[in-house]
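My structure is below; once you've seen it, I'll send some questions.
To keep things simple, chains are lettered A, B, C and D as they appear, and every chain counts its residues starting from 1.
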Amino acid sequence: MKATQQLEQQLKRRSKAAKLEIWGRVVSFSALLLIVAVVVAIIGFVASKGIATFTSNHVNLWDFLTGKQWNPNITDANGKPEVGALPMIVGSFLITILSALVATPFAIGTAVFMNEISPNKGAKILQPVTELLVGIPSVVYGFIGLSVVVPVTRAIFGGSGFGILSGTCVLFVMILPTVTSMSADALKSVPRYYREASLALGATQWQTIYKVVLRAATPGLMTAVVFGMARAFGEALAVQMVIGNAALMPNSLVSPSSTLTSVLTTGIGNTVMGSLQNNALWSLALVLLLMSLIFNLIIRLIGRKGRLQ
Amino acid sequence: MTSKKQNQLAIGALYGIAGLVVLILLALLGYILVSGMPKLSWHFLTSPAKAFLSGGGVGIQLFNSFYLLILAMLISFPIALGAAIYLYEYAKDNWVTATIRTAIEILSSLPSVVVGLFGFLFFVVKLRLGFSILSGAFALTFFNLPLLTRSIEDSLRTISDVQREGGLALGLSRWETVTRVILPAAVPSILTGVILSAGRVFGEAAALIYTAGQSAPALNFADWNPFNISSPLNPMRPAETLAVHIWKINSEGIMPDAKAISSGSSAVLVLAILLFNFAARYLGKRLYKRLTSA
Amino acid sequence: MSKKRWVQGLVLVVLLVLGVFAYQTRQVSHAGESITAVGSTALQPLVEAAGEQYTGEHLGTFVNVQGGGTGTGLSQIQEGAVQIGNSDLFAAEQKGIRSTELVDHRVAVVGITPIVNKKVGVKNLSTKQLIGVFTGKITNWQQVGGANLPVVLINRAQGSGTRATFEQFGLNKSRSKTAQEQDSSGMVRSIVATTPGAISYVAFSYVDKTVQELDLNHVAPTEVNVTTNKWRIWSYEHLYTKGQPTGLTKNFITYVQSPAVQKTLVRQLGYLSPDQMQVERNAQGHVKQLGGTK
Amino acid sequence: MFVNNDVRKSEEMLERHVTQPSEAGHPIILSTEDLHVYYGKKEALFEGDLQFASNQITALIGPSGSGKSTFLRSLNRMNDRIATVTGRIMYRGVDINQPAVDVYEMRRRVGMVFQRPNPFAKSIYDNIAFALRLRGVTGKHELDEIVETSLKQAALWDQVKDDLNKSALALSGGQAQRLCIARAIAVKPDILLLDEPASALDPVSTGQLEDTLLELKENYTIIIVTHNMQQAARISEYTAFFNQGRVLEYDTTSQIFTNPQVQVTSDYVSGNFG
């Protein structure tokens, strides 16, 4: 009986591992909490500034979302400032979707190549090159866009060369490395025995890739695309240099247009904090946040569906 | 079409895609390097920049870039690591976790100028850190956290659960298992994430213009006392990085050789990133070997 | 393990000792007064260069100069977050600024000229033609005697000082139609240089051989014409303070306005000195002849 | 109570035969009382009450999904985060299924080896020494000794004694699994739980592993889940037959294989079922 009690005592004493576990939970949770605080702070900051346009400057939300004139310095015939964000919303939307559409097959194709077909070449050439490109400042991308992409577009499609098409080309190259390396990671996390099982069943390599590996990696690939789109959304400097940055509704892919970020970045230093002009720009940032939220949710839904099948 | 034909066709297409991508990327790199090479010299790499005369260098900017990168990584890596561990190892798979993940992803789509302005109003003005490396490092942390957290979480995911069970079955806590077994095994994959985000930090300009500032006061490289304003180590001094420098001379530069300096700086930046990648990869390999005796 | 601990402890102690030693021996002279000037990126090089000269001559002071844009400069000086706000505009012209609280110190005059792409083949426009080009009535350079090229308008960002000045004095207060916008002179110049049919406007100091400057009504954009107001598109560069400046701020502004800077730096950087002007202009744009030449 | 719909409540299925091990010299060291395991709302195990004799090998057999692995993993609370486990698990008179019990301390007494060999990405030496170091065993000499004994007990010493600093990931499947056993016994547990340890191994390795287990039984109580009935017959003293979430028959191994009391068991061991 005494031995039992002693054992019970030993077993119920809080071990070092249990203490460490609590410590680890606390530490890692505080780190997460910190990030959440950062996210909440920034989102709150943008929201409070962005909403001021509607609350303290009394701009009609509907006018803001559907208006096509962006001249915050000027008031229109009704005495309301001209803050119509539709051209920028459409511009951002188009350029993000288009560049993701173009980049995704290339990125996933390259990732598959790196991971399934020629891991050796992939690790030796593709991975370092892609990692290198992530670090090139957007201003450099912008300049290459300006001196290479815009003239080529102009020569082929006419017009000034500035526009969504040029922007898409530049963004495509910019997000390619991010999407590729994240896709490669997603493919890497598919267990080897999935492939072996499929190959053992007599499937060709392509069938295995297409039906097994890509299916299993769908959520990860989705994340990669979302991240690419997020980067495309948030990119300003490079896009601003090649899209033309004119607050006009895009009537073709080669007419000068603008994105939320490009107008935001161009204007923010020239306006006074707290003024309508400044608040209107923050409203653009808020729209940007909401749009990226919506994109995220859509992709998540797709990802979930893919997983269920 | 037989499945064998299809297979050949698909593999061929993949070769094509990969080849095309390599071609695009290499052309890009080649363009930057070739147009910048003529400017590269020891003088360019070590001398300070000049405001309106030709012959300026990027020595201070280069140092600032590395210093800022290291500081930003020192701040953001532990936070991202902790958060990723919690998200992957501890958090229950419910709507709260999903919301947090979504929020973090949204943060990464914010244009960097917004992060920069937030950093300016909060760190520079409110916390009175001034235009300084420290403010810049904090702003970059904001910028860095989503990407880093996400990629570390993915790295943890690549380590099989049987490893975790192995640790638990030995009577180790989850925390010990993660820090002693899982993390060492995940070093190479975590490293990729770190290099990627380091690359972004290196190339970031908009977030730094308002925080670390866009002036590079002369440094005294003989003085390594971090409390001196002219010391390279002082975290409270304004520090223009290479990417900001490129942005600045492209937008308002009036020195006669602005274009050459801009191309030269871009080439230096690419080479610096290359160097950093190799160094990080080499050290990572060593670390992995030491931790896993692979 | 215990040996490792010991080494770790030793390293920590050494670092600590070094830190204390560094703190004790820091250069007290540099811990003196410092001021921060933010705002206009166009004015930044001048203030920066003047700041470097000033701190070189007055040990123990530090002038921190940052960009951020005219709007940022004026908002921050209004908030009192910095000591000097650099601006391309009269504070009264900027919306959202209570200009009465701010004190204006004019340190330079900048002339602005329209520039076109070299292929346009036009060297002179009348004011009416210029307005026609910018309001969209003239869409091809043939209409004003140039090559058969469509007009491509490039504006500076709304709220930028250069644009405000250009619209007020170049376009006689007509508003340019919505077109491409860029937020920096360097960007504008390189776009004009590479885009056939492009027209924009920059400060004199940004004109180089890649672009063609335009005469207006057969008046050439020269410094002499600016001093007599024959060339009307010019503006002051301002340093704003909140209330009358004191201490280092006052000394520094006096220094910038002194001949030591006005006769050297200001002209080297492509500005005119207010001392050279034979006219004076106020925030409303009224011009008055100054009595006699200085 | 919600009961698994798959359970066929035929007369035949209700038949059970569960005995108690009662050999002198081998007292009961572990027993379960009123044990139920739920995955969400699905009940994966009920009527799973067994008693285990010390220093003996008990085999848990049964078709896939019968609950034997679930049962085994519940014994050292590896299911804590995955499933809800109710009831008592009495280890030497102490209920280790109560929240107050420190699972980490408990798992050091009730060790586990898994189906797939899972050596850590460390050297062979570190695989074994690492958990000990974390628990304060730091003397080099002491560690060397434990590593050597554990590897010897797991019959791996002769093959790896010159490669202790090489990565454990380079070991073959059988070696890796024996390393995992060495790792588990290095912390000196009382009871060793093995979850189909030989299912990923070739026949030769399996044979070696069985020999190892027979030797280990001197010092440890072993509970092993296996798919391989010959293996159960070869090494175990007692066998429990699981079917559809419960124990249908529990007796000495010879009884189960030569004279099963329940029809389903008889079908299973003779290969007519499962």
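Heads up, the rule we're going with is that contacts are C-beta pairs under 8 Å (C-beta built on N, C-alpha and C of every residue); 3 or more make two chains touch, one makes a residue touch a chain.
All of these numbers come straight from a predicted model, not from anything done at the bench.
Shared contact partners of chain C and chain D are A, B.
When C-beta pairs in contact are tallied for every pair of chains, the largest tally goes to A-B.
Seen from the Cα centre of chain D, the chain whose own Cα centre is farthest off is C. In terms of their C-alpha centroids, the spacing between chain B and chain D amounts to 48 Å. Inter-chain centre distance (chain A to chain B, centres taken as mean C-alpha positions): 17 Å.
Computed from the mean C-alpha positions, the centre of chain B lies at a distance of 32 Å from the centre of chain C.
For chain D, the set of residues that touch two or more other chains comprises 104-106, 134-135. Of all residues in chain B, those touching 2 or more other chains are 160, 171-173, 176, 250, listed in ascending order. With touch defined as above, residues shared between interfaces to two or more other chains in chain A number as follows: 15, 17-18, 21, 143, 265, 268.
Those residues of chain D lying in contact with chain A across their complex are 91-94, 96, 100-106, 134-136. Within the complex formed with chain B, the residues of chain A that make contact are 15, 17-18, 20-21, 23-25, 27-32, 34-36, 38-43, 45-46, 105-106, 109-110, 112-114, 117-118, 122, 125-140, 143-144, 148, 173, 176-178, 180-182, 185-186, 188-189, 191, 204-207, 209-210, 220, 223, 226-227, 229-231, 233-237, 260-261, 264-265, 268, 285, 288-289, 292-293, 296-297, 300.
On the chain C side of its complex with chain A, the touching residues are 41, 67-72, 74-75, 78-79, 94-97, 150, 152, 157-161, 175, 178-183, 187, 190-191, 194-198. For chain C in complex with chain B, the residues that touch the partner chain are 19, 22-23, 25-27, 30-31, 36, 41-42, 44-45, 48-49, 52, 62, 64-68, 72, 76, 79, 81, 183-187, 190, 205-206, 268-270.
On chain A, the positions that touch chain C within their shared complex are 69-74, 143, 146-147, 150-151, 154, 160-162, 240-241, 244-248, 256, 258, 263, 265-278.
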